[in-house]
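Letters A, B and C mark the chains in the order given here, with residues in each chain numbered from 1 onward.
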């Protein structure tokens, strides 16, 4: 990437390297959100709807894990995926796949904890009706998750925000390889360390603008859906 | 149609329900049999809601037993319940009824058509695609009835369903309830409105402080109550 | 409706994952653990496309400090190591992690300091300069990250007769980061820092800093390249890694290194052993 131009000029000129970085950032973080949703939403709903010994401890733990430090998660995943580590044979260290895995681990607690709270609150309202209709446990989870979809969308956006903003995990497990695992956040870190502060700031603002656009799109989707379904 | 094992007679045998130190129902023994609608009346706190929930299986007795058609364990396959404020699922009116049909085991191919028929029956055909949460109170209660009827119930239990509705909406609900009664569904309904009792009831169960004070055919109860508490209640006095 | 959305979401998730999945073992790429100076100066940005055009091999560079790069290779997570700390590199080979060490190029270190020169070191030799900095307790930034530059810095303190480890020092700041942050920090606190010339030339945020000491023979900085030992780590891409090593020390690679300039200034000076043809 040319250092002489500001980040915005790069966009206007359609700089290929910048677009590759943006594309990778979105691919990694959106994949992580999708995976984390597939894992975290049923998990959160399950905890919300079942009673078992140690449940309160699990809830506190889950809430606390929302604050997992990204760099620690990155280090843990690195040690797992390193050739000297247990999963080294998979050979996925320093690839976007490893970055997705690390970010998924990071945001599953966020999505699960927020889902749990949302579903628990909704269950209080729906409990009588669903019990009277003799809905199965799986059916309850599905019904509540679907009816809570607007609140859950906010949980997804929280997870996405966390993933798109973090640099510690993707730096360690991705290696910030030029043209391969460089994301917006690692690019900002790199340009800062090289002393290219205006470029770094520009890249940072581009990232913020993209996240803003995604949130606006989510808002629009919600407004439209609410008109359809109430 | 599903295998028909009947939930009737619905029998309470020496049932008490306690919550902490308070006794909500006190040694209640009664039985519900097929026939004309049974209306449950009584002052607030007399245990009407708890009784209905017991009959549905939503509450369990602290003492005594509840049996449906002789069985003490019975999934609510052919029972339906209407709450005073129904919870609408966050989807269209038609989708709500389809949901109820799906829960009741209706085959997927038939659901749309049967939902349409049910909406027709409760007078909501025009509002089928409206988001259910945007319906008025009366419309929501009628939708709840459509959901209840989707279960093809043998017994329909209703807990003061028109308490929050205006007269026009109340009439709409009562018409559907009467129609259901005429088609052979056993209605058990708590009510606060003596006029409603007169319009709908075959028999009346009058409750005071967790006990069944009087039980009689509706005309007898309303015109010639046999207990002083019932007489006081009918006069409009506070029965403490 | 809900179930259809769910299956769509799963399909999207797996599709996205698949698109991110690394290519099979047939893909022509290697991982090179190197230092921040070779990356930040833009040398790799210049060299790697040339190598790719020649050998059709993608070189994925992980830029870390020398110590970290060697650690990465010791875990088997790199195919080639390209760093600048000869003694550490020799140990790496002696311990069996590297096959053989080859000289590739050198640049030199420069002592960077504020224009105001509080320790009065400008133009002196490096020994005298460091002694002066220590006696005047002028602010000094150390990378403190086991990098090649850090090793060189420690060796220079030793040369100047200063036991830097023993001194309780508010003026000596170890930041544990790369060359860029070290220069940033030195600029911010008007202090001195040892840098490689290449990074200094390409560093944009100079503030009030300038070169204080240069040209001293002790400031010579040698870069070496090693193939990670495939006997220790069978996953090492032996053939492709060796091709890269061979290219770096070949006449072509050496010429490319010499040709890399910023603002007309050559950053790195090739000095591989010339092979008989």
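Definition applied: contacts are C-beta pairs under 8 Å (C-beta built on N, C-alpha and C of every residue); 3 or more make two chains touch, one makes a residue touch a chain.
It should be emphasised that the depicted structure is a prediction, and the values quoted were computed from it without experimental measurement.
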| item | value |
| --- | --- |
| Chains in simultaneous contact with subunit B and subunit C | A |
| Most widely separated chain from subunit B, with each centre as the mean of CA atoms | C |
| Chain at the geometric heart of the assembly (C-alpha centres) | A |
| Chain pair with the greatest number of C-beta contact pairs | A-C |
| Interchain centroid distance [CA atoms averaged], subunit B/subunit C, Å | 79 |
| Gap in Å, rounded to a whole number, between the CA centres of subunit C and subunit A | 32 |
| Interchain centroid distance [CA atoms averaged], subunit A/subunit B, Å | 47 |
| Touching two or more other chains - residue numbers and ranges from subunit B | 91 |
| Where subunit C touches two or more other chains, by residue | 1 |
| Set of subunit A residues in contact with two or more other chains | 146 |
| Contact footprint of subunit B on subunit A as seen in their complex | 125-126, 128-129, 131-135, 139, 143, 146-147, 149, 227-230 |
| Subunit B to subunit A touching residues, read off their complex | 56, 58, 75-77, 80-81, 83, 86-92, 99-100, 103-104, 130-134, 147, 151 |
| Subunit A partner contacts - residues on subunit C that touch it in the complex | 1-3, 9-10, 12-13, 16-17, 19-22, 25, 31, 36, 39-40, 44-45, 58, 60-63, 75-77, 177-178, 180-181, 183-184, 202-206, 233, 235 |
| Contact set on subunit A toward subunit C in their complex | 3, 27-28, 30-31, 34-35, 37-38, 82-85, 88-89, 91-97, 100, 142, 145-146, 175-178, 180-181, 192-197 |
